[in-house]
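What follows are several structures.
Each of the two complexes below includes subunit A, the first together with subunit B, the second together with subunit C.
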Partner chain A sequence: MEFGYDKLLQMEPYGVPKEAKQKALAERLIELTERHYNSCCEYRRILDVLGVDPQKIHDCEDIPLLPARLFKKVDMLSVPREGIVKTMTSSGTSGQQVSRIFLDKETAADQQKTLVKIVSSFTGSNRMPMLIIDSPAVLKDRNMFSARGAGILGFSIFGRDKMYALDESMELNVDGVKSFLEKHSGEKIFLFGFTFMIWRHFYKELLKLKKQGINVDLSHGILIHGGGWKKLELEAVSHREFCESLREVCGLRDIHDYYGMVEQTGCIYMQCEYGHLHASTYSDIIVRNPKDFTVAGVGERGLVQVLSAIPESYPGHSLLTEDEGELLGEDDCPCGRLGKYFKIHGRMAGAELRGCSDTYERR
Partner chain B sequence: MTNLEKYNEAFTESFGVTAEQLPNLEYQGIPEWDSVGHMQLIAALEDAFDIMFDTDDIIDFSSYEKGKEFMSKYEVEL
Partner chain C sequence: MNGVEYLAGGPEVSNTPLPAYSEEALIFLSDLSAKLLHDPRTRAYPDVTSFGFWCRKANLQKLKEECADRESRLGRGLAFHVAPSNVPVNFAFSFAFSLLAGNGNIVRVPSKNFPQVQLICKSIKQILPDHSEIERRAAFVRYPVDQAITTGFCAKADARLIWGGDDTVQAVRSCPVKPKCIDLVFADRYSICVIDGESVLQADERSLKKLAENFYNDTYLMDQNACSSPQLVLWLNGGSEARERFWGAVAEYAGNLYELQGMTAVDKYTQLCEDAVERPEVEKVLRQNGNLLYRAELSGLPENAGDDLRGRGGYFYEADLSELSDICPVVNEKYQTLTYFGLGPERLRKMVIDDHLRGIDRIVPVGRAMDIGVIWDGYDIIGTLSRIVQAG
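The block that comes next holds the complex of A and B.
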């Protein structure tokens, strides 16, 4: 049997209508279910207990789902340990257990390729001077990748001449940023970071500088940020206010949030110019009623299940998150992108905090 | 310095390896050539030859030998 992710990856990220997408994605997810059933004994045991026969699955909604937090309790691999080249961990507050995700060469490469397909459809294929709104200290431990480091590294491929805007103690390097922008004046600048760190350590510093008469112009910039909103909600900062404040302080207009998780790195859900999060061709979400796990319709809130066509080295292609979401529609977003689009309302009550932005604690 | 010497130097400087190790060097083959090291190598090559790789080529740049093929695409004769 031939396992093929490449076939799916050759399709446009937001150009495949519902029926064709569901067919291609189901085919691949069924392949993955069989693969993991045959090569990961923990996964097989779970399916056996649930009474699921991988041979009898026909569409995406029937793919068995694992709770994402299972990866905190059990090391789950579908390849021999010698083949693992990278282990990634989820973000957690200190003392909290984190998920461990095992990647082999192929899965790691597919994640990066997928990210390129998705993000370059928003940024264009030219690599841009890149300002990382974080500290270089995040990437220090190269053997254990935090989700935060993986995010920075994954997005680095879109940058050339990269600069970290914050120093090791998370202070804004004003002179460095200014000379970086002078050097690249007139060019489109790519900014990447996590929502709360951008707000606390970048936006607030820029605001202070502005009051002192020091202006930083990022009107040519495009910002991609992720990691959750919880911390900003506590400060009562809405998505709209976040964008408007950044525009006022430095002229930044082109701002995209994204939703994604370390268990399904690569398949991120980018926010379009209408503020909607979009599923690409390579992944999907299903919102489920938390009482009976039936599929919720448009406009109904429920638990978010995420599907990704990438994972081969670990059985994480169909996961139940602890996020509350709401499907807004499919194939009919005014931005023109095809696929499901949705909104995330935050963590379900009782769920542990996670997310690179939400778990941030300044040391 | 010849182009080949510059190409080799990008590897030896980025990964702290000797010239003798280069012919069999592969991505993820040594601890230093991980995904962090990979981006360092790409930056070193771009600086050395004043070129800019396409994202796809960065992903497919999987070994010392394979990388040589890509260099000609950017009009660098080794």
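The block that comes next holds the complex of A and C.
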């Protein structure tokens, strides 16, 4: 019997208690495991070599892991190549290997639907005027297009009357932003961008302007940002300082980081108002002890495994990342959202450098 | 030269040779040995200890006596060493061998900041002023990859000792040298272990534990990251009972000592998946003690094993041999060390020579893979780095 993804997608993103979620997610993930085992010869070989019998998997924790890095080295598809409508790649500077993720029509559509369910539960379902804290060059320059471009395109569905806040050379277009805000005064503004780009090209410019007496008011804005903290950690900027600085400089209070990766687009992990990253009904995280991959408990640091109920066209429903994380709890975050909530401590020491905005270098 | 840091010694290095096994060299090295072995910081580094132990007076005296024609040997002049980046103390051995041969030495130490390198260089720096003949013949330098600097050092060299991967070797060898300069190249190599299963079954608990400890020292101790560290374990008479007994003992020993890094665990697991996809000869991969020990079981020996079948941090390939000579067709010049348990070294050496193998330079018992010596990679290092003064 096919369960399909729709059944899961009809559920609330943060409203399903633990037992019900684990049951529904396990059914779907087992279905995906069998599907990929039967349709992707590389996936089948890996399970055979590991000695895993897909018939003997009963819950989410038993779903075999694929290292996310494997998608950089091997092309893996569970549908015929003719069915691929989109190939996603992770960002990478020239010479770096990039992940290649193959999407058919259904998987691409499910990613989009999932993102809408998750994000609109934070932003509301109305489209808002959207300020993209990036340069339009990101979508034009083929070398820059990838996770960054895909992020912008993906989140654009939540906005209308879109405007890029930065020009082609990553300079802040102050006049443009001011007239955009005047035009939409009194409306809620949706801001989207990558953490490091926001800090360097937006926040720092706003700070300079403020000292010159020029103020930009974004107290009616909601910011969603992603792409990792590595570069900001090098500048010793914490998440807290990031939020406080933005609030001081332009009144922006509604700020949400998200955790996600190109290998599981759609299933992002949004940060709540208490600063916790949340797994939605459509995905999950498991923190594992590096020594033996056993499941770590609340408060224990370990390697992050991400599960997504979406991927049908490639075997990416259960991935071992190179990130170190820590489960904070399940179903009991003070924000009221159900599901696991957690914290990411960055890449495991010694991990090869990769990431979205993290590979961006100032020229 | 700009960008060159001198950890010991200075830019002027004499090329006036000393006799092989000169008193000056022996006294200097034994002083260094005493200094290192008495330094409490040395205890944290077994590799520094074994270097200190190797260059103590008695051992050097023994090596000197083994060198029959030492009275007619003199150093070639000035040697330039490019040390390997993965093994912290090899620069010190490379230096000591060349000094014993009678040469002045410019030693490029690994650019990675190993504490062992600091420790040894500081000790050398401290004792050099008491050894004026050695002081004018020694410089320990560190610099980032820089072809111009390397070219400068190469121009003066009468011998080069080049340790490193194929790219490093190529880059250094492309620098021009004097017509009579000789090169000793210690390139990337591959090592294997041959075990007789019957002998494992017959071993008592104590010898089994010793075997596990020895195997651990050859492999895990260096994260399997040294050329002489076995990557491939080959079994003679290797039934599953013998194998489980051996690996069980190894996993138990390693479990108490080996610190598996999170990233190494990811690396090993990723390699497992890649092996599954790319290597049809990998039948299954057994994982023991969590991620501590990975054993990739091969259905046969691939010809390119020396290039492809390499693990790190406790990832081994293993295969059955129906007879010893099964390995002959795959052995090429990449193969360096063969460690053995339960079979005799003479039998193995006879195989290498009688079957005209292009590789395998060293045949040592399990536990001795890391013991570097004056014969290495098939070279008589001291003989090669000195010249014979013929008379009569």
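Operating definition for what follows: the second predicted complex is superposed on the first by the 353 of 363 C-alpha atoms of A that agree within 3 Å, B and C clash if a C-alpha of one lies under 4 Å from a C-alpha of the other, contacts with A are read in each partner's own complex, and residues count from 1 in each chain.
Following the convention adopted for this analysis, a contact is a pair of C-beta atoms (placed from the backbone, for glycine too) under 8 Å apart; a residue touches a chain by one contact, two chains touch by 3 or more.
This is a predicted model, so every value here is computed, not measured.
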- Query: Between subunit B and subunit C, positioned on subunit A by superposition, is the outcome a clash or a fit?
  - Reply: fit
- Which chain, subunit B or subunit C, is in touch with more residues of subunit A? C
- Task: Report for A:R81: first if it touches subunit B alone, second if subunit C alone, otherwise both or neither.
- Result: neither
- Message: With both complexes superposed on chain A, which partner does A:H58 reach: first (subunit B), second (subunit C), both or neither?
- Response: neither
- Message: Touch test for A:K211: subunit B only (first), subunit C only (second), both, or neither?
- Response: neither
- First (subunit B), second (subunit C), both or neither: which does A:K105 touch? first
- Look across subunit B and subunit C in the superposition and give the shortest C-alpha distance you find, in Å. 32
- Item | Touch list for subunit A against partner subunit C, complex | 42, 45-46, 48-51, 65-67, 69-70, 73-74, 289-294, 302-303, 320, 322, 324, 348-351
- Tell me, which parts of subunit C touch subunit A in their complex? 260-266, 269-270, 272-278, 282-285, 289-292
- Complex contact set, residues of subunit A against subunit B: 85-86, 105, 108-109, 112-113, 116, 120, 125, 127, 139, 142, 153, 156-158, 160, 162
- Task: Flag every residue of subunit B that touches subunit A in the complex, lowest number first.
- Result: 27-28, 31, 34-36, 39, 43, 46, 52-56, 58-59
